[in-house]
Amino acid sequence: MSEAVMSDTVQRQALAEELDSFNCRVAQPTDGPLFTRDPQSAMKAAHWKASDLERLLTKIGAKLKLEAGGQRRTLRLANRGLPFGTTPTIWASIQYILPGEIATAHRHTASALRFIMKGRGADTIVDGERYEMNEGDLVLTPAWTWHDHEHKGDEPMIWLDVLDISLVRSMHATFFEGSDVPRQAVSDIPDRSYRHYGSGLMRPLNDTSRPALNPLLVYSAERAQEALRLAAALPPDPFDDTALEYLNPLTGDSALPTIGTALQSLRPGMHTKAHRHTGSVVYYVMRGQGATIVDGTTFEWGAGDFMSIPPWAVHEHVNRSYDTPAMLFQVNDFPALKKLGLYREEAA
Amino acid sequence: MSEAVMSDTVQRQALAEELDSFNCRVAQPTDGPLFTRDPQSAMKAAHWKASDLERLLTKIGAKLKLEAGGQRRTLRLANRGLPFGTTPTIWASIQYILPGEIATAHRHTASALRFIMKGRGADTIVDGERYEMNEGDLVLTPAWTWHDHEHKGDEPMIWLDVLDISLVRSMHATFFEGSDVPRQAVSDIPDRSYRHYGSGLMRPLNDTSRPALNPLLVYSAERAQEALRLAAALPPDPFDDTALEYLNPLTGDSALPTIGTALQSLRPGMHTKAHRHTGSVVYYVMRGQGATIVDGTTFEWGAGDFMSIPPWAVHEHVNRSYDTPAMLFQVNDFPALKKLGLYREEAA
Amino acid sequence: MSEAVMSDTVQRQALAEELDSFNCRVAQPTDGPLFTRDPQSAMKAAHWKASDLERLLTKIGAKLKLEAGGQRRTLRLANRGLPFGTTPTIWASIQYILPGEIATAHRHTASALRFIMKGRGADTIVDGERYEMNEGDLVLTPAWTWHDHEHKGDEPMIWLDVLDISLVRSMHATFFEGSDVPRQAVSDIPDRSYRHYGSGLMRPLNDTSRPALNPLLVYSAERAQEALRLAAALPPDPFDDTALEYLNPLTGDSALPTIGTALQSLRPGMHTKAHRHTGSVVYYVMRGQGATIVDGTTFEWGAGDFMSIPPWAVHEHVNRSYDTPAMLFQVNDFPALKKLGLYREEAA
Amino acid sequence: MSEAVMSDTVQRQALAEELDSFNCRVAQPTDGPLFTRDPQSAMKAAHWKASDLERLLTKIGAKLKLEAGGQRRTLRLANRGLPFGTTPTIWASIQYILPGEIATAHRHTASALRFIMKGRGADTIVDGERYEMNEGDLVLTPAWTWHDHEHKGDEPMIWLDVLDISLVRSMHATFFEGSDVPRQAVSDIPDRSYRHYGSGLMRPLNDTSRPALNPLLVYSAERAQEALRLAAALPPDPFDDTALEYLNPLTGDSALPTIGTALQSLRPGMHTKAHRHTGSVVYYVMRGQGATIVDGTTFEWGAGDFMSIPPWAVHEHVNRSYDTPAMLFQVNDFPALKKLGLYREEAA
């Protein structure tokens, strides 16, 4: 260290205490860098094996009650590099619900979604509208909508629960309200929004409302997989092969304002090009066998596995099968980043 | 007439000639009113019977060649009150095409659509993408897209052709270009836009384009009628029962920027409330039996009929059947009026 | 004419009468073309000399009362090629108002504006807000806003009145309402919108309204000319030198939804490149001496002159002075054409 | 604690270690709450006195070099409740620059602005355009624009520097690039964007670009204070008296996409109503004497003071003078919260 720099260092340290007493500070040599050339995310890439998750879920199903506070029994996907949450913005958990159980009504400013992994026969009520949730369905609970679930089937049911809790926490904007009754009353027209907007292609002629939130609350497995099947015949995207994002049919925006959701298919033998982007991703493997290489680490995955990809990590996907497509569901925070002008991507 | 007014009248008339020589004028007592309290449209309500149309179509099919200029054989729906066109903005015609015929390639600034009334086996190419057109399909040719059609089936085929020619003429903005070859080359991926956007609910994840025009060119009968069936279980709209508008899935705007399209269903026994609005409508009855009362005149309609409703005419709909729904397809110019701030409606 | 074509001609003519009785028709050889390669506007380029207009205005000021119906004394700028109006969409008139006269309150769906040509001391009330109008000011009366004017000064005052009457007529969407009282009551805060939005650069912090119409009703001469002066130091636009469009500060859209307004300055000796575009323009020369060449015809203009340019006419501008800038005010219908997807331009 | 709950607690603790080894976890009784009824921000309200700041600034001006890394000499406004930054999203610092000094060129994904507190004669270059910065001016450096500053005056100069560093960090989206040369080359047209868009009310007629970022980089003190003076004659907003937000004249959005900026005036004797909102605010008192009460704590402020208000803190403002208005400049993160759907406010 040169004398001049040392002297500056000494000067800064000498000032620190006085400045602090006035709620002020100057940069100190011991500070981490104010900026970095590119994102140095503390988040680590992670991989969860289906066999491990199944065993752990069975265990918590047997041992744990529905949580006293939030009234949900969930296995949270954690990240070693972060103080909480699955990615810098998103919490992903696997909810395990037993026949007869009720996840009671509440609402929060965090946006949330459910993607049904296994089972059938639970229904959900969102702002008075009821849907039956079946495997492969995507069900939204946009910010501040009331929601509760009841499992009316006869086998345990599991689904992926995703919330942007960490994003809402970063903004210090958490609100929560519990309900006095476990389940909401169902409106006279139990599935109005699905019937009005569920085709994606049409809307009521005299509908002049421009709802602030996506009015469509459920995207059926059947429709989404048919869309993926059609698109999979087109030439592949170099980085994602075939990936279709769920959208708000009234605006063309993402289905939720802050969380992106997509269904992805890798054709047999596909090995995509590597790229990286700001924003984080959580993957759930619906079917097939393959690998994802994240910053040099290879995750060999199969049906039922989860993975998470940190911001700006270079990644590429491989379908290990030469005759069967693989299908993945993903959630990401690209819509939040895009709205803030912070989304970037580049080929590796 | 008072003396003062008469004197003013005389003064104005005395000035007319001098003013005219300088490209000027003042209001003259003989002028029609500059404004009217509400729209006094010259357009007349009209009704075309299916039996008449079928007979006339067969006749022109037998007698007329494909037109030399535009290369189409069409029966135009005219209006007695207007110098041309079906409504103040829209031209609707029934195109009659025989097996083996080709409607050659061209493009124009008028937006256009086709709604297949009868038959199967014709295909259309729009900007290099090919679709097979079947009964009940809606196919778009947005402004300035190349399009041509070839009938590969073995029965005559008829469809509704709609263009906003009168609107484009009002704006003195007509452009047209013919092609050197009768049919366009088909792109390597013949139905890319349908495969990318046809679900309405999803779009390519990495698709950052925001096309100026609707990228979705075809809405299948199957999907549209399924949407109508779902929505028909909801409480009726007072004026239109169940009416679903086709939309641009990337923006939520109407499928074409200037022309609105909708599928409408009237439940058995329905008699809607009367209302009126600016903008004009052309109806095609797909199935059922009913009546539409327009400014006091009753049109008793059945499958295959057409009707047109002038701007600001009071109208209401009746399904004459007590056990069968009626289904109508409509085109209107509401999107153009809304974009110009000129759309209004009121209950009668 | 070949035999085959003749035969087709004969066939078509033979069908005409029968078709007509069913409100149908087919294309006839005697029809004008359905489309043209590019716009063949009936509108003619026109030029009005200041000296002529002044003489005619003085004459109508002396001879004519305020019109009985609309209560305005206006000299309309006509076009020989059109049945009415100054361009296919726009009516431009010069309003001449004498001290003490009142132009009584009314409203209409046509959008309107006033640009003050000469004089001071008149005030206008638009939806309860009052402004004093002085030379060079632009005052808006958006669609369906109440407006009236009173001349409190002591010299005759003239201003340019522009309305999109022909556009509204094309859409058959004319509404008009007169008031029971000649002048509206003035609101407690006579110039609220000017005070809230008049800076263009700022808006009330807690203002969450997104008004459908431009909330800013007056653009002062001083502010507009200062903006033009600043921009005139930049390199010239090839076709228009320096031309600044008035805008809605809450949306960045044009000041009125259908009518464009701009202030234009030609630097000394400037001769712009020629171009053409859809949409029509009316020019008022505020100061300077120059020429505009429209489809080969040269209009030599000076302060106080008016010109009109038809759709798709090739035009270029010349400032004849080598030491003084020229300044023009223009109105056009580009915003309407752009909203309908019908705006095009090209260099000549 | 009941036996059942204790048993659940025990079960959860027993599972923790096994789950952790698989990157999983369940809620633990020792966890903080997942949600709170309303925001419990760790940020503390703070107040900086002008006299303290002046003394500290003089001291760091004498003792510190321009920082080696970022090349700025700044006094950061810290917050005792937060690990870094002035609010959960914003870093505010006072930059102190001596005659002849250069703050070298760099760019970053954080959006930034400067508000000139004292002095004149420094100039800034933003993406090749140069502006002279004087007291009261607001100068923007939108995300990823190159910027550098040089002080050409002869007295020390101070300005407020604001960046959304903490927001960008929350999203793990920090990028930074330094320049090889201390100052950028200046473009041929040194202040193009100001000359094109600086009026707020007008834009180039042929400008069809819709820039992703605000093209206007500088808002002069003179124009902003004139706007405030005009608006201050209107009835007060109950919570903020007169507060005008700087806006992007091409879209009506906030001047920067994530950071809000406003000029506020409190009329003599004003005591506003109390309210609270999500989002944080940093205030700089430009002139006057008053108080702000934040969650029961009163900050008595005068010219040159700073204050910061945490999310959801109840606050109200008082002008202690009965004859002189007070004027404050504020920065906030409302635009980011609104884009994410997380902005809320309520009267206290």
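Just a few scattered comments:
Each chain gets a letter, A, B, C and D, in the order it is written, and its residues are counted from 1.
In the analysis below, contacts are C-beta pairs under 8 Å (C-beta built on N, C-alpha and C of every residue); 3 or more make two chains touch, one makes a residue touch a chain.
These are the chains along with the protein names UniProt gives them: A, B, C, D = Gentisate 1,2-dioxygenase.
As the structure is a computational prediction, the values presented were derived from the model and not from experiment.
For the pair chain C (Gentisate 1,2-dioxygenase) and chain D (Gentisate 1,2-dioxygenase), the distance between C-alpha centroids works out to 43 Å. In whole angstrom, the spacing between the mean C-alpha positions of chain A (Gentisate 1,2-dioxygenase) and chain C (Gentisate 1,2-dioxygenase) is 52. Averaged Cα coordinates give chain A (Gentisate 1,2-dioxygenase) a centre that lies 30 Å from the centre of chain D (Gentisate 1,2-dioxygenase).
Residues of chain A (Gentisate 1,2-dioxygenase) in contact with at least two other chains: none. The touch graph of the protein chains shown is a ring with every node of degree two. The full set of touching chain pairs reads A-B, A-D, B-C, C-D. Chain C (Gentisate 1,2-dioxygenase) meets chain B (Gentisate 1,2-dioxygenase) in the complex at residues 4-5, 8, 11-12, 15, 18-20, 22-27, 33-43, 46, 48, 52-53, 56, 59-60, 63-65, 67-70, 74-80, 88-89, 108-111, 143, 165, 167-168, 170-177, 212-213, 257-258, 278-280, 310-312, 333, 336-337, 339-342, 344. On the chain C (Gentisate 1,2-dioxygenase) side of its complex with chain D (Gentisate 1,2-dioxygenase), the touching residues are 189, 192, 194-196, 198-206, 216, 219, 223-224, 226-228, 230-231, 233-235, 237, 239-240, 243-252, 260, 262-264.
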